[in-house]
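Starting off with a structure, shown below.
We call the chains A, B, C and D, going by the order they appear; numbering starts again at 1 in every chain.
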Amino acid sequence: MTAKITRRQLAGLAAGTVVTGGLIPARAADTTTLVSGFQLPQNLDPHQVYDVPMQAMMLNTYDNLYRYQNDPPEIVAWLAESHTVSDDGLTWEFKLRPGIKFHDGSEMTAEDVVYSFRRVLALALGPAGAFLKILKPENVTAPDKLTVRFKLETSYAPFFAAIPSVCIVNPRVVKAHEKDGDWGKAYVASNDAGSGPYKIVSEGYRPLEYLDMEIFDDHFLGWKHNPKPVRKIAGRPTKETSTRILSLINGTIDWTDGNLPADQVDQINASKLAFVQKDVVMKTFVIRMNNAKPPFDNINARKAFAHAFNYDGFIKEILAGYATRDPYPQPETLWGIPKDAKGYDYDLAKAKEYVAKAVAEGAPMKRPLEIHVQSENEQSVQGAQLFQSDLAQIGLNVKVVGDIWSNLTNAAAKPETTPDMWVHWVSTYFVDPENWVGQMYDSQFHGTWKASSYYKNAEVDTLLRKARALVKQEEREPLYEAAIRQIMADCPDIWIYNSMQLQGINKRVKGRRFCTVGQGAEVRWVTLES
Amino acid sequence: MKPILRKLARDVPAMLGLAIVLFVVLVAVLGPLLAPYPGDASASHLLQRLKPPGAGHPFGTDNLGRDIFSRVILGARGALAIALTVVGVAMLIGVPLGLLAGYRGGWLSETIMRVTDIVLAIPQLVLALALAQLMSPSLETAMLALSLTYWPFFTRIVYGETRRLSSSLFVDALRGVGAGTGRIVFLHILPNAISPVIVRATIGLGFTILVAAVLGFLGMGATPPTPDWGLAIAESRLYLPRAWWYATFPGLAILLTVMGFNLLGDGLRDLVDPRIRRSR
Amino acid sequence: MIPVLDVRGLKVTIRTDDGPAEVLDDVGLTLERGRILGVVGESGCGKSTLIRAIMGILPKAASTEAGEIWFEGENLLVFSERELNAQVRSSRIGFIPQDPLLALNPVFKVGTQLLEVMRWHAPGSRRDHVARLVMLLRRMQVPDPENALERYPHQFSGGQRQRLLIAAALSCAPKLVIADEPTTALDVTTQHQILLLLRELVAEFGLSLLFVTHDFGVVAELCDDLCVIYAGQTVEAGPMRAILQAPSHPYTRALLACHPDRATSFIGIPGLVPSPLTRPSGCLFAARCADVRAGCAEARPGQGRAASGVQVRCVQFT
Amino acid sequence: MARFVLRRCVLVLPSLLGLLVVTFLLIHAGSADPAAALAGDAATPEQIARLRLQYGFDRPLWEQFVLYLNKVSQLDFGESAFSHRPVAHDILQRLPATLELTFAALVLSIGLGVPLGVAAAVKHNSWPDYLLRLLSVMGIAVAAFWFAIMLQLFFAMNLAWLPLRGDLASTMVRPPVVTGFMLLDALIAGRWDVFFDHLRHLVLPAVTLGLGGLATIVRFTRAGVLDTLQQDFVFYERAMGYRWPRLIWIFVLRNSLTATVTQIGLLFGGLIAGGVVVESIFDWPGIGSYTVQAILTGDRQVMLAVTLLVGTVYAAVNILVDVVHGLLDPRLMERA
């Protein structure tokens, strides 16, 4: 339709012909634009927000010194060519590649990297958690144009694993929009300051609604790996599952995020346009028990509960098999798992025995218990309901309480307010045992949601702290194995499965590569077939 | 009374409404006796998940393999309980306030009506949602939130009626013969003001069920495994459009019930409104 | 000469929830050209239904069972709604309602409302209509007639509103004007002025006036002829003077007796009007009649004639 | 007239202040720690403590309220804990979309509702009336989310006539934001393609949202017309030979609309709230989905601002309703 319009066409509109006549076909036949259904991060500043949706976004807009690639994940040199670390594990030096360009055309130098890390530390949000305790802003320096040096306060092995969580922002853009020393917080929250393979179109962003990006031809890696890349990414998150499924089936969106409900797989696979891609990710599902509250302070009581969850039933029936049983407190695919350790199985007889033992030891097993779930998350509700009906069979009385994430993390700040039990996932913030057992079972983290079982074992504390301070994986591995062995014996929580991500993808999407960090949202590999 | 009932009997939609309401009440009372699987209020049967309607499960089964027909039947009681409680509490707050404001006048009346205006200005759904999130979502908070936002409607109505009646001749006459305030208000004004209140309440019953369903849909109402209609629709969203039966039958139950109350309320309104009555 | 209005044996029933109600049962009246006919009756006797029947605006539940309404030689009962609207209302029959405040549409300017009538029923352009209205209003002694059209009904006093409505009734130059208790809502002084005005207008515009009221005093002051209605029946009809001198029907007599100086209310007669739902088989007035005889309760009396030539519905005169 | 509006505006202020106090207390009575919400999932207790100090969450409640009030008077509504963006900015960006949708729904429900209501009243107690009453009650009783999904399945999937979600085709470049109302912005930019495509996206959400309003308007118009038809002046007008269609559609209708207009005012508040569900199902980029997000994440500043906004809109609409009442019925204007 051209810019001119006749009276007749206007009349046609009134008659409804334009409205229903299909000016634009439901499916975009355009092979240069990928319509992505990934959830948008809370805002676009990778230094303010660091969660799964942000990972998916920043992989396309920003770059990092090192980055996770492939499946299973490997940490690979990205903006940096290489790095060195001192024997004491305190001094880290990264060598930057020359000639890297930001979206505004300016060249990236070591100073820019320094600025980025200092900004992360100053904002103290999102990705800062891994660095605040071990890194002072003045100890990030640039000895020369292409070298960045970090001097850590204490040796901290996960430092390197967390490097991919920090994006390098363009200080020239950020500083130009700084207000009252806010480190450009307001500006970067809605605008582009990156160097990644795609740049954000101006006016192309509205939180929760849409995010438009276009290709950055001068990306430092070039585009040789993909002769026919996607020119534009139209981020169109859908809020309702039903809308999401329908959009995928009728081609309105090219891919969903990886949180597709298992029950929808058949229907999507049966559709003409789309299919479901399955990938194992590092994201564990766990029912927390508040070890500080009776009866969960009693080990037999905890074991009774651990034997009362129908692991296979949940995974096979409710998740239609799209998850793998993971009896360990961290993903089975990650290093540090003691191969000899055995998990707990679904056995109501055993559970009853443990109940009896616990009762004999004076644990108040008959106390009415609560299990809190995230109301908006159906799977957590289902898991809790399933658990509830099994527990009822062995005479334990549990009530399912709907709750929301912010309330739950808030309640987890104190043992008294932490629910008896609650359900959540632990996603990959960085690929290291520290992300799971390190932060979940070291008692120094009590008060954070990750450590909300209030588990305390001096031996485990020692092991975990020692492992954290070492740099070499070979040296750390046995320590984690020992710690996990002990943790599993103490049974502080109920570990259920490691997730399989289910992503609905339009059949025209080719070349997608998956990595657990970012859910395979890296668009630079993708081509669209006509 | 009899001619009024006879008039109601001739009003086809109102009778339809009455029939629906009676039916729903009956289902609510007899719920566990009528439901083929009363245990499905809490039990789960993983092997029978998401079966389409068929023999044994006329409305199909839900995400935990529970019989939807049973759960729709069992849900009637909860729906009615919510509706009656909310409207009851709202009336308990709203009617006395309206009487007071309407009969007394002056600053008291002014204050009450101003507060009423403020509460009316808070969007019901927003307050309900905010309250639900503050006090952790449950049926009780949903009911509290709905009651707290519904009473101003009654205050408004009663206030208007009371004002009209208390300036009327017959109340003047009562004052003239020395009737006490309490006597006038409760024996003479209230009975005359009550019919619009009843009408509003009837419509409110339906409305409450609907809003409660929306709250349930947003995860701010009933908690699982309660057999709640709104909750069922909310749960079904993950399985739509495949499991169409999952949302459809609870949806129809809501539709039917709300319709019943509304039709009845409309019929009653036509009946008590003398201006419309005249035209019959 | 044909009378302007000649109603014969009109019978109207209304379906109610409690069965059919005989609201009018054999009403007859004759209005000769240039005269004023007063129709008197208690409230509930069927006066408004009579007016509605003549105007052709009966409620949906009502039906005309029998009778004829001859207007200038045409039977109005055979007219369709559309024909009545196009040929009769306003253009030939003007109407003055009871309560001028309730009868005017409160949210439109007086001018809009009056011109709407003329738009369909008076010849000429809008400008002609305005001119005629201003003329009429001036004649009705409405102050500042030009601006009056721009004002809303509630901005006038009761008497002025009634004058507006009289002007409206005359706006399309009708032959017959039906006035439905046009003075009841007014105070006595204004009432008197309006009656005087109406008298003058009848002569001045060559009208015939059907004046319906429950107020005997007003009728006596204004009318040339009289028609007394009781429970949906004409019980006595004839020249005003003749009836006043010698009322024949016991009902008329009772009316005049309880108020020797021209009765203005009906309170003086003991008993109640029979309900239109359950009507006695005999004379409808029998239960209240001071002069009741054997047989009164058995059969309905037909129309008879008194010595003065007045029509009377009473066994004494048949 | 101007004085009347001004007086009403001044009278609204205390109400809004009261609303603000109530919401402020309600929101702060909750247990959720705003600092924790601001800090995000991966935050350490130190980070949270820092934010608590920085934002003054440790101060007494009244002090926080005075602080908030002071900021609000400068139209600063703080920062969203979720997006870390200024709330005023977010709301300004999203409000037009919601107003557009609400307005479309209103136009739909008034445009259809008034004629249908009149028709039902004229055919009072006959089958068309019964049918309309039944349908309008169904319109109120049907759960919006269920209806929305049915519309999607039928019109977007089966027939593929209308888009499923969003406010514009993903391949289309958005016109520059001038007013924020995309229909207007498209016209300003001369982008007919955007105009029509946006209109197509508007249909299903507007129908869903308008359904309840339509039903309500039908009912109140019917009742209003029935009421007016009993008035003496209608008999007078008939006796004077007013033509039927004009009698009904002009002289009766204007008298009957008072109740309908009041309802439209009440509806407006309901429509904005109802938008919560509709916007989230159709991914309409308005206030509704923003509010849900705020509630789910315990985002205090957003909840406060939205409540205040909705209260203000509600008050403004009510003033407008009074003005329209005054225009419909001159007696009301004189009394006020």
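Simple rule for what comes next: contacts are C-beta pairs under 8 Å (C-beta built on N, C-alpha and C of every residue); 3 or more make two chains touch, one makes a residue touch a chain.
If you're wondering where the values come from, they're calculated on a predicted model, not measured in any experiment.
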{"item": "Where chain B and chain C overlap in contact partners, by chain label", "value": "D"}
{"item": "Chain closest to the middle [Cα centroid of all protein chains]", "value": "D"}
{"item": "Chain pair bearing the highest count of C-beta contacts", "value": "A-D"}
{"item": "Most distant chain from chain C, judged by the mean position of its C-alpha atoms", "value": "A"}
{"item": "Centroid spacing, where centroids are CA-atom means, of chain C and chain D in whole angstrom", "value": "53"}
{"item": "For chain A paired with chain B, centre-to-centre distance based on mean C-alpha positions, whole Å", "value": "43"}
{"item": "CA centroid of chain A to CA centroid of chain C, Å", "value": "88"}
{"item": "Averaged-CA centre spacing for the pair chain D and chain B, given as whole angstrom", "value": "23"}
{"item": "Residue list for chain A, restricted to those that touch at least two other chains", "value": "240, 242, 246, 376, 404, 407"}
{"item": "Contacts with 2+ other chains: residues of chain D", "value": "31-32, 149, 153, 157, 296, 298"}
{"item": "Overlap residues in chain B, where contacts from two or more other chains coincide", "value": "133, 220, 240-241, 280"}
{"item": "Complex contacts: residues of chain C adjacent to chain D", "value": "52, 55, 57, 84-85, 88-91, 95, 97-99, 102-108, 113, 116-117, 120-121, 152, 154, 168"}
{"item": "Residues of chain D that touch chain B when the two form their complex", "value": "14-16, 18-19, 22-23, 26-27, 29-32, 124-125, 130, 133-134, 137-138, 140-146, 149, 153, 157, 219, 223, 226-227, 229-230, 269-270, 272-274, 276-277, 291-292, 295-296, 298, 303, 306-307, 310-311, 314-315"}
{"item": "Touch list for chain A against partner chain B, complex", "value": "240-242, 245-246, 261, 263-264, 266-267, 310, 313, 317-318, 375-376, 378, 381-382, 384-386, 388-389, 392, 400-404, 407"}
{"item": "Chain A residues touching chain D - in the complex, by the definition given at the top", "value": "1-5, 13, 18-20, 22-24, 26, 28, 30, 33, 35, 42-43, 45, 48-51, 124-129, 132-133, 185-186, 189-190, 203-204, 206-210, 234, 236-240, 242-243, 246-247, 249-250, 252-253, 376, 404-407, 409-411, 413, 417, 429, 447-449"}
{"item": "Chain D-facing residues of chain B, complex", "value": "12-13, 16, 114-115, 117-119, 121-127, 129-131, 133-135, 206-207, 210, 213-214, 217-218, 220, 230, 233, 240-241, 247-248, 251, 254-259, 262-263, 266, 269, 275-276, 278-280"}
